[in-house]
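In what follows, structures are represented as structure tokens.
Same chain, two partners: subunit A is paired with subunit B first, then with subunit C.
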Partner chain A sequence: MPPDALLSPTPHMRGVDQMYFFALDLTQTTIDGLLFGSTYALVAIGFTLIWGLLRILNLAHGVTVMVGMFAGMLSASILGLPFYVGILIAMSSGAFIGFLIDRICYRPLRNAHELVPMIATLGFWILIEEVFIKIYSHFWFRDYVPFANPFDGIGIDIGEIRLRTDYLVTLAVAALLVVALYFLIYRTRLGLAMRMIAEDHDIGNLMGVPVGKVLTIAFLLSAAYGGAAGYLLGMTANLAGPYAGSQAVVKGLFSMILGGAGSIPGAIVGGLTLGVLELQSSFLFSFAYRDAIVMLALFIVLIVRPQGLAGKRMADRI
Partner chain B sequence: MSKRQKAEFQAIKAFGLAGALAVTLSSAATSPARAFQDEGTIILCSIEPLSGIGTSFGQPNYLGKVIAVDEINAEGGIEVDGKKMKIKLISEDDQAKPDQGVPLFRKCAESDNALVITGTQYSRVTESMWGLLQKKLDDPKDGGLQVPSMSFLSMKAGVTGVSEWAFRNAGDEPAQHELAIKLMEERYGPFKNYSGAVEANEGHSVAAWKAAYTPALDRRNIKATEYVEWYETDRDFSVQIRKLKRANTDFFILSSHLQANVGAMLEAQRQGFKPKTIISHIGSDAAEMVELGKQSTEGIVFPTAIHMAFPAPKVKWLADEYKKRTKETYMPQFVGLGYEGIMIVKEAIVKAGIKNRPETLAADRRKVRDQLAAIRDYKSFAGMTLNMNANRDIVRPVYLVKITGGDFKLYWTPEKGFLF
Partner chain C sequence: MSYWFTIAALTGINVLLAYSVYASFMSGQVSIGQAAFFGVGAYVGASLTVLGGFDLISAVLVAGFAGAAASLFVGVPTLRLKGYHFTIATVAFAEAVRVILHNLKYGRPRSSGNVGDQWLGPDGATGFRHIAYLNENGITTGQYALIVWVIVVIVVIGFFLVERSRIARILRTIEEDEVVARAIGIPVARYKVAAFVCGGFIAGMSGALYAHLLTFISGGDFIIHLSTIALAYVVIGGGQTMWGPLLGAILFTVLPETLRPIKDFRIELFGLLIILVMLFRPTGMISAAAVRRWSTPWAPKAQRKRPTEAF
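The block that comes next holds the complex of A and B.
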């Protein structure tokens, strides 16, 4: 295929060319969607961990994404630290926020109705975001700040399909974190304790599991994953903005419900599916209907499989 | 209750009390400012996005106003009823959210008793705020607010049609884009494929496409080869850019703001999509375009009302003052529009012959409103002559800016044509 042919305007293409480009773009869009969706999956895992253990929606999870993004931006763009150090800093910053969420929104309210801590996380989210926006606007005179992306402009070409390196790195980090989480849950005593608590807190208590400590660790872990997602979202977009948390909450919750609430495989499937759905609906139909199509897909899934794409019908906690 | 639970309960109680105290203090801080008028102060309100989405537009615009107010007050203020009165500028942050802007507008009008409300920037917010105003003057059936309001930025075509109390100093956008397209065609044409990208959740961008760009293409009997949309919060633009590239776009209309422009143009760079010409609107006039977009935004052309490279000495002074106060290196046009807007309001106040007393507020507002509607041959600090048209839009000349060498360069002026 001569290079110029790749630039042929759609209306003037011959039928064969049109088919060829359609198939090419369909494949490229699917791959981009899967790769981009891995960040959604990471956000969804954070929601899933807390939902699986406590049956509360931690609406403050978006704050961990935002803080992770800015910690990453500071480490990458201002301090010039390498990628892997930046990710660790972002995760640690996220974990610190997770600790605060546990101490402020959950622990003091753990005996209250389950809606109460959820509302507390909502309040925490709004409070922190508003305060952060004020501080941000004081220091930065603009909507976004640059986030150094060491992989920008680099890609792997497979024929005419291009894989963005930063998207591949995102997928790799997400996969590594998922494997680590699986190891922790299914191969360690802590994981055993988590699984026990997920079934019943009282039984866990009777069996001598320090429920409070395990839940704190779960908050730290969930928030660290949020911090990692924040770093990756900022890096792939080349910028950091104070509203990243709000956007992440919507995408993360959607991914969790689509994949199956409380299921880690579900969070992964949900995140990747959302990535593909968003891009393919723009490609195949129109951007104007993107969100409507995605919502329609969610309704259909919930009607056909109320437990989500990868969730189990009963007791599908961690 | 265990000791620990008691401690936690105490902590929550303290937190609640602190919250209640904060609410009380903030209420006190926003209590009516009526007293200022008796103390010899003219109250103007300023509403714009000072934080969050829109900071890039709101902050510079606000600073332009502050610089103007500081200058007027340093000269002793405005002479009203034989007495010099200083301007008190009350600032509010709408965060580019209509639901935040509407109550702020009401507060400015009813609690602060502002003589004039300036703002806001995002058309969607301005339009919502102006919805509170009386639609037609002297309509006894319409109990809407009667306070003159002037936006120095909202670009949505026809936005002042909401009320006869609404004014704008932002320029005639359809005329701006018609001129930009015409000049680019003359210089770089002919073009084969015109395509557009629109920020679908932003009223100004949608309106610019429908009311300015599409009619301009219609006049040329051109149908857009490709049309794509995105949101200001989107972070992946791969599908849209691929479509534009497949359409062999050589004239690209970027009806979108910097929040999405940067990501989209970076994606264009990744995919090797480089049309011969890219034109955009006022939403591209922000330092982020070059700082975040770097090479990818090179060559974008957009219209401007005031540029820091204008030869008028006062423009240079304003740019220096802005840079000194912000440590920024580039002064976007919103600074000049903010500064100029306050000076226009000042002239209207002087000519209106107001009393500036609580009991004359309604009459004073009406007098200032009528003076704003009657602006003719106003000499701007930037050197041009301005006139208010029948739609309450200030008519002003158009200039073009081009992003070149990582900077915003004045590219075309009515007097000299293309500068490079």
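The block that comes next holds the complex of A and C.
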């Protein structure tokens, strides 16, 4: 925002104005980044649940985001259903994909090396994404379709800072889901079983924990969170596209690692940090190099603090 | 016919890419970032022949060294960490490299050629066009495929010799247990970095060969899919012996191309094949036990045991 010449009669004053507007923009960007980062945090939570329990990178997680986004687009733009119904539809269709991932890519391969289910999820990702793109291009001839956003253009002004309502809704949904997850993990028997499995599968089995069932539920949960993230990503962008899943995989993966793999607070911290880093680097440096700057920052974090920003356990050095 | 020569050259390039993953895979280090070294090699190799006037072989070699330098930059800080941090760091680095390649612009205007298409060298998001070395020097696709496969054979012989040497045993020991390896006096980090840098060298060469085959490259070619597919060649072919990457890369490049009637669905088929191979042969298509059986057919038949713990 260039300073208004009428407001700053002297060069000295103009400098002060510039400082003021710069600080204002900086604050605005940071707040937007924090709000928008909550979607990344949701994607990262889906990743981190599976990683924490199984030490598997679920590369098919992007499929759940994509399916959630399209289920949301269909319910919002075509059926015209209200926001909260759309989110539930997106979450349940995401959960269905999670069920498929569990039954196809993980369950038959649970005794194999960790890399084997990971490569199977890669195959699943390629397969479903290609089939989906074929179906998509049969109906639409564009890269993106519009996604009805009921909160479009509405915002709350606090002083000169504007909070976009759709970002606030995104943050609220993400916060609600995170609180629900915390309740599940620390206050229910299912959560106790999950924490047991995260420590050791075999001992869990011996103690009578139904490991297979709990892991299925973990896959469903992770995918449902992916679906919700897909809905929110589509809604805030006003667009749904078939390539969104691949982008979400990369973003979610980086949020998880930035915060610390396998920890839920890590995923939240990582997602919010990634949101701020992205917007700040495109504001301060350049939009074209935005991703490169973010990735280099991540690379530096990995070297200096390999356990992530919020991770506890130190990585073993050899 | 020229179509099949292109496929042959592409197969050779993919075999090199698979071996670049396999080099560090031997020591148990999984890289999902080979696209970075492949991309660096492609841009360096293409720049050398197009802008620097190098000949093909030296450009490919220099591209290999560029890939090795990039992998040294990633490997030295991250290979000292145990576990999956290395894997993750390679993903991050590959994404950073992709974005940088996507925005690179240098070179000079072209003296001949059609109007509006006159830039030699990488031109930002439009990519690096007019890598016309093969055309200008009258190298046919068949001859190029031969050049690629000569390099592949050299690399395969190199791996064949390494596989039978002390070095392979040391790398396998590191894969099995790093603490034990260090306890018996192996400089673990040094070996891991060396293996990874060799992989970077091979990936760089492979990238340069790729750039000259396609004559047009852009940052969008070097996405995370490429790195994961390179890893998939190794895991599907079998990561226990050096024959796995060879088979995996050949099969998964040639098979989708030969299935012409369903060529619209070949990417789907690729995904499906990955899932099926993983479901029915989790050790990969060639396991160490199978190689042992075939190479010593006179040995008494060992009792077949169902492999549970792969690799």
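Just so we're on the same page, the second predicted complex is superposed on the first by the 299 of 318 C-alpha atoms of A that agree within 3 Å, B and C clash if a C-alpha of one lies under 4 Å from a C-alpha of the other, contacts with A are read in each partner's own complex, and residues count from 1 in each chain.
Just so it is clear, a contact is a pair of C-beta atoms (placed from the backbone, for glycine too) under 8 Å apart; a residue touches a chain by one contact, two chains touch by 3 or more.
Computed from a prediction, not measured in an experiment: that's the story for all the values here.
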{"item": "First (subunit B), second (subunit C), both or neither touched by A:Pro108", "value": "both"}
{"item": "Partner chain in contact with A:Tyr243 - subunit B first, subunit C second, else both or neither", "value": "first"}
{"item": "First (subunit B), second (subunit C), both or neither touched by A:Leu279", "value": "first"}
{"item": "First, second, both or neither for A:Met295, with subunit B first and subunit C second", "value": "second"}
{"item": "Partner chain in contact with A:Val131 - subunit B first, subunit C second, else both or neither", "value": "second"}
{"item": "Partner chain in contact with A:Asp143 - subunit B first, subunit C second, else both or neither", "value": "first"}
{"item": "Partner chain(s) touched by A:Gln28 [first = subunit B, second = subunit C, both, neither]", "value": "first"}
{"item": "Residues of subunit A at both interfaces, subunit B in one complex, subunit C in the other", "value": "108, 134, 288"}
{"item": "Residues of subunit A defined as touching subunit B within the complex", "value": "7-11, 21, 25, 28-29, 32, 36, 107-108, 133-134, 136-137, 140-144, 146, 152-153, 155, 164, 233, 236-239, 241-243, 247, 278-279, 282-283, 286-288"}
{"item": "Subunit B to subunit A touching residues, read off their complex", "value": "8-9, 11-12, 50-56, 59-60, 95, 192-193, 200, 225-226, 228-230, 233, 235-236, 238-240, 242-243, 245-248, 258-259, 262-263, 266, 269-270, 286-288, 291-292, 326, 328"}
{"item": "Subunit A to subunit C touching residues, read off their complex", "value": "55, 59, 104-105, 108-109, 111-113, 115-117, 119-120, 122-128, 130-131, 134, 246, 249-250, 253-254, 257, 261, 288-292, 295-296, 298-299, 302-303, 306, 315-318"}
{"item": "Subunit A contact footprint on subunit C (complex, rising order)", "value": "30, 77-78, 80-85, 88-89, 91-93, 95-96, 99-100, 102-103, 178-179, 182, 188-189, 223-225, 228-229, 231-232, 235-236, 239, 265, 267-268, 270-275, 278-279, 282, 308-311"}
